[in-house]
Each structure stands twice: as structure tokens, then as C-alpha cells.
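Naming follows writing order (A, B and C), and every chain is counted from residue 1.
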Amino acid sequence: MHILDLAGVPAGYVGRPVLQDIHLRIETGERIAIVGESGAGKTTLLRLIREHCTAPTAIIPQDLGLVQALSVFHNVYMGQLHNRSTLHNLRTLFWPAVRDVDAVRSVLTPLRLPDEIFSAVRRLSGGQQQRTAVARALFNDAPVLIGDEPVSAVDDHQAREVLSLASTQKETVIVALHDRALALSFADRIIGLKDGKVALDTLTAGLQPGDLDGLYKS
Amino acid sequence: MSAAARLYRRSPLARTLFSFFTVALVFLIFADLEIATVDPWDEFGRLLTGIVTPDFFATENLISALVNTLAFAFLGVAFGVGFGFLLALGFHSRAVRTFCVVVRAVHELFWALIFLQLFGLSPLTGILAIGIPYAGIVAKVFAEILEEADGRAVDAAPSGASRLSTLLFVRLPDVWSHFRTYALYRLECGLRSSAVLGFVGLPTLGFHLETAFRQGRYSEVSALLILFYVIIASQRLWARRQLVPVYLIGAALVLPWATHISGANITRFLTIDIVPFPLRNGDGISGLIDWLWLLISTQALPGSIATIQLTMIALVATGFLSALMFPFISPQMFGRPVRGISHFALVVIRSTPEYILAFVFLQLWGPSMLPAIVALALHNGAIIGHLIGRHTETLALRADAPTGLNRYAYELLPRVYRNLLALLFYRWEVIMRETAILGILGIATLGFYVDSAFAELRFDRAIFLIALTAVLNIAIDVTSRRVRAYLRLRTTLEGR
Amino acid sequence: MHIRVIGIVLAAFVFFAAPFNAISANAQDSFVFTAIPDQDETRLRTRFEKVARYLSETLEIDVQYVPVKSYAAAVTAFRNDQVQLAWFGGLSGVQARRAVEGSEALAQGAEDQEFVTYFIAHASTGLTESPDFPKSIAGKTFTFGSKGSTSGRLMPEFHVRNHFGKSPDDVFSRVGFSGDHSRTIALVQSGAFEVGAVNFAVWENELRDGRIDPEKVRIIWRTPTYPDYQWSIRGDVNRKFGPEFVERVRTALLAIDDPELLKAFPRSRFIPATNEDYTPILRVGKDIGLID
């Protein structure tokens, strides 16, 4: 079953590179890494995918989209805002229910953040903030995860941990990554962008990091 | 410990807000909020009818009132900005800073009441009543701008250069545009102040507005208010740099300068009238103590308590109202039609001086604290709501951010509430100053007793009570600065 | 392009400025008077400018009227020599003459020798008129007129203190100052206050003009009589405007017989008055602590 079927859709946003002639079909259950030079159009392609995806999506934007003044708990809880009554949400701002706190903590524990649950996001390090954004997307029950460089601020070991966690919790995962080795080890399909075009779209099996060199200018 | 308690413990902000909220709530329980009028909505209906049927020909000498309003504002603000600029240059001196604190702690209406005694209905009264307190405010803001300006250029200037040339060549050019923007904003305030001065007898729009309101001639009220809004709203069109000298000369020409000012009166006021009665009468220190005790126990104390009470309730109400207002002009929340209407409503509310708003509600609801609270919260809430609403235009939300009330509560409010609080605490002192003055309208704050003292021609009492409002105001100013420093809240130039 | 704008603005200013300067240029030599704003201020200026014209013709000098916003402002203007003649109430007249040495009361309305304050009440209170002081007003809401008014403040407060032995704040559940007599009537008629004290001349005037609804508001008590409004003049005008000027002004005021002019006050005619006529007011003022 596919969740996306693009046939030659042009996409251009103000101030963003224009993608040309995109033909893309994504099936449920795929692990896709999007690679390419910065400015190649990765963010634009993710946006296009999100807009045309037929299943609900949870996103991790490049700028994370966290509310700095709120606690980690509240930022993560936001992943479920749409499933709770507005009244319950308003109450949670001031007086969180134990049930919700426990649920959020269980998402934070594998991300090694449970102790920071009540810290304001603005007090966290860059890596911790990024993991908070990941937690928010994981707490969201949408089956599709779309992440734009979701592990750029954590170390290699943690990055693998986070991505495998995402893979076990979401049906479909689509992430833009700049680390080629990481992309190959995590994904089962690679989409390579160059100058606004899909230059590579292949299964990962047997691919070596060197095979991606063509996407990057020397 | 519960999750909520842990959140609370971690946040000094939450604790501070909780204390303010509690204080306001306790004051509110003891506040007199009765609607004294039997049928307030009947009167309100007549007001609305009047508002939609403005009568521009009902007011005698309307044009002269209009011209006077402009002229007092121009000359008063020019005086305030000029004098304030000079004071800002000497702001490193403690004496200058103290002078500024004191003059701006006294409301322009109180200054007007004092100058009326000195110069009578002379143009000098209006110009100084606006100019003196404005000088204190302008000096403070200009000094802050100079301080925050880029210091690198100053460091790069040749070390032998004189202070004046460094100022003219290095520091001023950098901050000049800020000064100009602020002076223009002050002109808008000056127009409001000038109109309000009519309430105590100067020949501006407020003079006729007060009469028309008091006598329920709402069509005339409507016409006067419309003229007032047109002047304020069109300020951008006519307030041009090149025309400033023309306006100033014109203003100086139209005002009736020939009014007789007697030096003997000024001397008498300063050396006899304001000396406490028992001293004048030779009753000695014990007489003075009796006089003071009577004044403090029957007027100063109840007046101060009511002033603080009203200030705190109005402050918290302003906070709530601004949080309620800003989403209506935020592109993150509403589309163009709603925003357009809301912008218009906010402009009207914040262009109307709280003094006039309170006056309207007093006519409708009778004399309790309710009209004052509503007026203060509406006016200040609209000012803060406007600034915060504009601020939300710069926020970038993530693509899957929630909508509706969830968006407001989780995405917008948490991002702006520190700015909102910074503005709110910045206006604390402004609210206190206005609270005192609302007493003139019959609410039992200090202004009520000041007005009574002037009515009884007891200038010694009047000056004592005005000095007390200044002390209260300075205390609030200091407290507000401490609270903002403790919570690390900062205000931008726009909010001052 | 800006030159044209500047030209237009300048022209507009001069256009408006000209009449002002015409007035103000000779303000110094004019004889200026004012009147306390005690009632309906509609066309106040028009009404008193007629009086100014009359005085100007009779005295053969330039006479001007300046409007003021409050009783205190009238006294201050008199004291500061910005007006030389004023139509004061009993209390404001006493205050003004105490502040300016040599000043004197010139004339009063025929009604002012025996002036009366009416206590009025909203119909819902169930109070009716009685010859005795209505003690049952205790605990009700009460509005005076202006803080500086004789008929709207001084005398009613005197009677309230006299009969209750307490200050009005302690007698009534709420005390207000309406600002003027017309407003006092309007406030009691609308029920904003249950009881009020009002100048009888203004009451009768508004009753005649049909602005009072007897179904809603009625008189419940009439005070004993006392002296009230008067024209007062500064003592130094003879030096400025020629010998016998005080007497000439008095004669001019007493000679007013045009009903249209008299309606501005509103009085039937003017009769001579002296400072001594107002000794009772001074006594009451000191008694209730309004005058030191």
C-alpha cells in the first residue's frame, strides 16, 4: 500500500530551490533517507512529501519548532494535542495529569531525557533540544515520521540509537541526512538530490558511501 | 511532589505571577464594584445612539478648541523633547536623574492644576503641564537609548576629541532615528494629554468633551471624539520633519499670550499658599503635627490605600485583557477580516486616554472602582495587546503546529508571555499615575483629595498630597525595575 | 512639492490665528469677567457673551467673558487678576473676597437674599416632602453638587452634620459630587443616587422647562433660607478703569432688565449686596471645616 504517489509535480517555494519533475512513490513501511548537498532541495522535498502524504505525519523540522519557554514535558505533550480535548490541554498547561506525565516520561527514557522532563527547553543543550523534538514526534501517534536532519546535533552513537528507535515506533520513516554512512546504515532506500532533481533513487542493499559521491561536487 | 508543584517550584516567574494575582484578588474582594445606576443600559443606549449620530455643529468655538489642542501639544512636546534631550546628556549626574524621577512621577493633570495657580489660564500653563513631566520621561528614554547604542564607534574616536564633538559626530548620528521615532510617539501622547487638560479648564477639546458628556449630549461627544481620532490617526500624514518649524511658529502665534501673569501671584503661591496652614498661622510644631495627623488619617492614608488597591487590580486585569486581545490581530490566529476589525478596535481604544474612558464608564455605571478598572485595563491592555500582536507576526511556527485554542495556549502564549509581562510591568508605573488622577472624577484615590484641596483653595494640602502621589509612583517605579530584573524581563524601545 | 504643503498649512494657521490674536492683543486692557459653571452649560458662552456685550455698551469699555471649568478656577482667576468681576456662589464669593483685599460684593439676585436648597429623592425611596429634616435619608446614597458649591455642598452638608452629628461619609452609604446642579437632578432622576441636594433656582428653572419627571424625582425637604450668589469685583479696578468704576459696574448690573440676559443666571432682577450679607456663609464654612 502506498502513502505517496507523485507524478511530475513541480514544486517551488519563495526563496527555496525549485524541484523539477518529481516522480516519487512511497510505500508503507519504507525507511527512506534523503541525501544531497545543502541547497539541493531536501527541505523542499520533505515539505512536498508532507503535503501530499495520504497518512497522518509527525514532523521534526530543521529548526525543531520547540517552544523555548515551556518545559520538555509540555513540548512533548504537544504531539498529542489533537487527540485530547482543548479543555484537557488547557488544564495540562497548569496542572498536568499523572497519566500524561508517565506517558511522556516513557517516551523520554529511551532518549535519555527523563530527568529533564520539567526543565524549560531554553535551558537544554542543542542535542537535548533535538531529542525533545524527536520525542514530540514519537509521542504523536501519526504512523509516518518526517524528519529534517533530526540527529544533526547528537553524536554518532546516539544518532543510530535515535533512528532505530524511530524505526521501531513508526510505520514509515523519511529523513533528510547529511551523514552518508548513517544514511546507508539506517535506510533501506536512498533518494539522492542534485540541483533540484532526483539524481538517485535506489535500495540501499550493497551500496557503499563512495557510490554517493556523484551527488556532491568535489 | 506532584508534577504541577514541581513545575511551580522551578519557576520564579510562576511564583511572582501567583503573588501578584493573589494580591489583586484580595484587593478585588474588598473593592467597591457596585453599579450604582438603576438603569445603566438605558444611558448606554443613548450613548450609542449619540455615537452613530455625530453633530459637528453643536460645540461652540470648536475650531479654536481644535487649534488649541494642537498648539498645546506641539509646544508642550517640543519643550519636553528639547529639555529632555539636554537632561539626557547630563543623565550621569545623580541630581539630574533625581530631578527627572520627580517631575515624571507627577501626572500632567496635577502639573496643570499647580500651574493654573501660578499662571492662570495662560498658554504657559498648558505648555509646561505637558512639557515638564515629558522632559523627565524623554530624558530617561533618551539616556537609555544612548547607553544601549553601539559603543564601538565611541571607542574608535580619537582619544583627544572633546565630549561635545564625540557626541555630535559619533554618538548622535547612530541614535538619531530612535530619537525621532520616540519624539513622534511623544507627540501622539502629547495630543492625548493636551485634550485631557481641557477637563481641568484649559481651552482644548477636553473642555467641551467634559461638558457634553456631563450633560448627556452624546452626539456632540461623538463629533468631538471623531475629530480627536482623526487627528491622532492622520498623524503620520502631517507630522513631517520639514513642517515642524512651521507648526511650532504657528502654535506660538495662535495661543493668546497676552493673558496677564502676575509675579506677585507666583511669589505668593510659592512662599505663602503652599506653606502648611498651622505654620502660616503661627501654631508652631504642635499645630503642624495636628494638621499632618488629620491630613494623613482622613485623606492621605485612605487615598493611598485606594490608589494602590486600584493599581494592583488594574495591573492584573490589564495583563489578562492584553493576553485576550493580542490573538485577534495576530496572523497566526485569524484571517484578514477579523484582524482588520480588531486592529481598528484596538486603535480606537488605545487612542482614547484612560481618563476619558473612565469618565464614560462613570457616567454609565456611577462612582465605584469598576469604571476605573475597566478603563485602565482596556486602554493599557489595548496598547500591550497591539505590541504583542505585532510581535507574533515575526514568529515562525512548525508546519504541523496545532490550531485554534491549542495553538494559542501552547504555541503563541508561551512564546510571547515574557514580552507581555515586560511591557505590563513597564506600564505598572503608568497605571499608578493614571489611577491617582482618576480620583478627580470622583473615585476615592488620592486624586479625589487633591481635587478637593484645590476646590477648597487649600494649596498646602494639595501640594502635600501631590507629593505623596509622587512618592508612591517612585516606589512603584523602583519595585517594577526590581521585579523586571529578577525575572530578567526586557522591553524594546517600542514599549516605552 | 513640500513648499506647497507648507504654504497651505501656514495659511491655515494664520487664518485661524488672526481672530485669536485680535482677542488676545487687547486682553490686557479689557475688563474681564467669569461665572461659576453651576448648571447646564449648553451655550454657556453664547449666553454670557450677551452679558459681556451689554456691559461693554453700558460701561463703554471692552468687556470680555472667559469660561471656567470649576468653582475653584473662577476663584483662582479672580485672585490672580485674570478676571476682575465674577458671578460667584455664596461660598466661592467668600473665598474669593478673602483672597483679594479690597474686593467687594456688588449685587445679588433678588432670589439670593433668601436662597434655599432642596433635598430631592428618587421615587423608589418612598420618601415624601415633610417640613422636618428627613432623618430617614441616613444609609441612602447621596450626591452633592460641586465640591465648592454653597447650595449644593456647603448648606446641605451643614444641615446633615447638624441633624446627625456626623460627617456625610458616615451618614450615607455612598457620597458623590455630581459637579453641577443640573447633573444632580439627572443623577437622582435616573436613580444613580437615591437622594441629592440641589439649588432651588435651578430646580424651578428645569421644572419650568419640562426637564424634570415628577414621577421619578421629588422634593423631600427645603432648607431654611440663606444668602447665596452675588457679583463680586476686585478692589483695584478703580485704579485701572477710572474713578467710580466699581459704582458704575454696580449701577450697570442693577439696571439689567432684559429677560434674556437675566435668564443666563437665572434671576428675576439684581439688587445691591454687601460683604456683610455673607457673614453667615463664612461662619458655616468655618463651622464645617471648608474654610480654615
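Going forward, a residue touches a chain if its C-beta (ideal position, glycine included) is under 8 Å from a C-beta of that chain, and two chains touch if they have at least 3 such contacts.
All values reported here derive from a predicted model rather than from experimental measurement.
Participant: By count of C-beta pairs in contact, what is the leading chain pair?
Facilitator: So the chains sharing the most C-beta contacts are B-C.
Participant: Which one of the chains is farthest from chain B, going by Cα centres?
Facilitator: Chain A.
Participant: Report the inter-centroid distance (CA atoms only) between chain A and chain B in whole Å.
Facilitator: Computed from C-alpha means, the inter-chain centre distance equals 50 Å.
Participant: Averaged over CA atoms, how far is the centre of chain A from the centre of chain C? Could you give it in whole Å?
Facilitator: 79
Participant: How far is the middle of chain B from the middle of chain C, if each middle is the mean of its Cα atoms, in Å?
Facilitator: Chain B and chain C have C-alpha centres separated by 32 Å.
Participant: Give me the residue numbers in chain A that touch at least two other chains, ranges are fine.
Facilitator: Correct list: empty.
Participant: Across the complex, what residues on chain C touch chain B?
Facilitator: Where chain C meets chain B, its residues are 2, 5-6, 9-10, 13-14, 16-17, 20-21, 23-28, 40-46, 66-73, 75-77, 79-82, 95, 99, 122, 124, 141, 146-148, 174, 176-177, 179-180, 182-183, 186, 190-193, 290-292.
Participant: Which stretch or stretches of chain A touch chain B in the complex?
Facilitator: 47, 50, 57-59, 61, 63-65, 67-71, 73-74, 78, 81-82, 86, 89-90, 93-96, 98, 101, 118-120
Participant: Under the touch definition given earlier, write down the residues of chain B that touch chain C in their complex.
Facilitator: 36-39, 42-43, 60-61, 63-64, 67, 116-117, 120-121, 198-201, 207, 210-211, 214-217, 238, 240, 242-243, 246-247, 250, 253-260, 262, 265, 277, 281, 366-367, 442, 451-452, 454-458
Participant: Which residues of chain B touch chain A in the complex?
Facilitator: Of all residues in chain B, those touching chain A are 2-4, 6-7, 10-11, 396-402, 404-406, 409-411, 414-415, 417-418.
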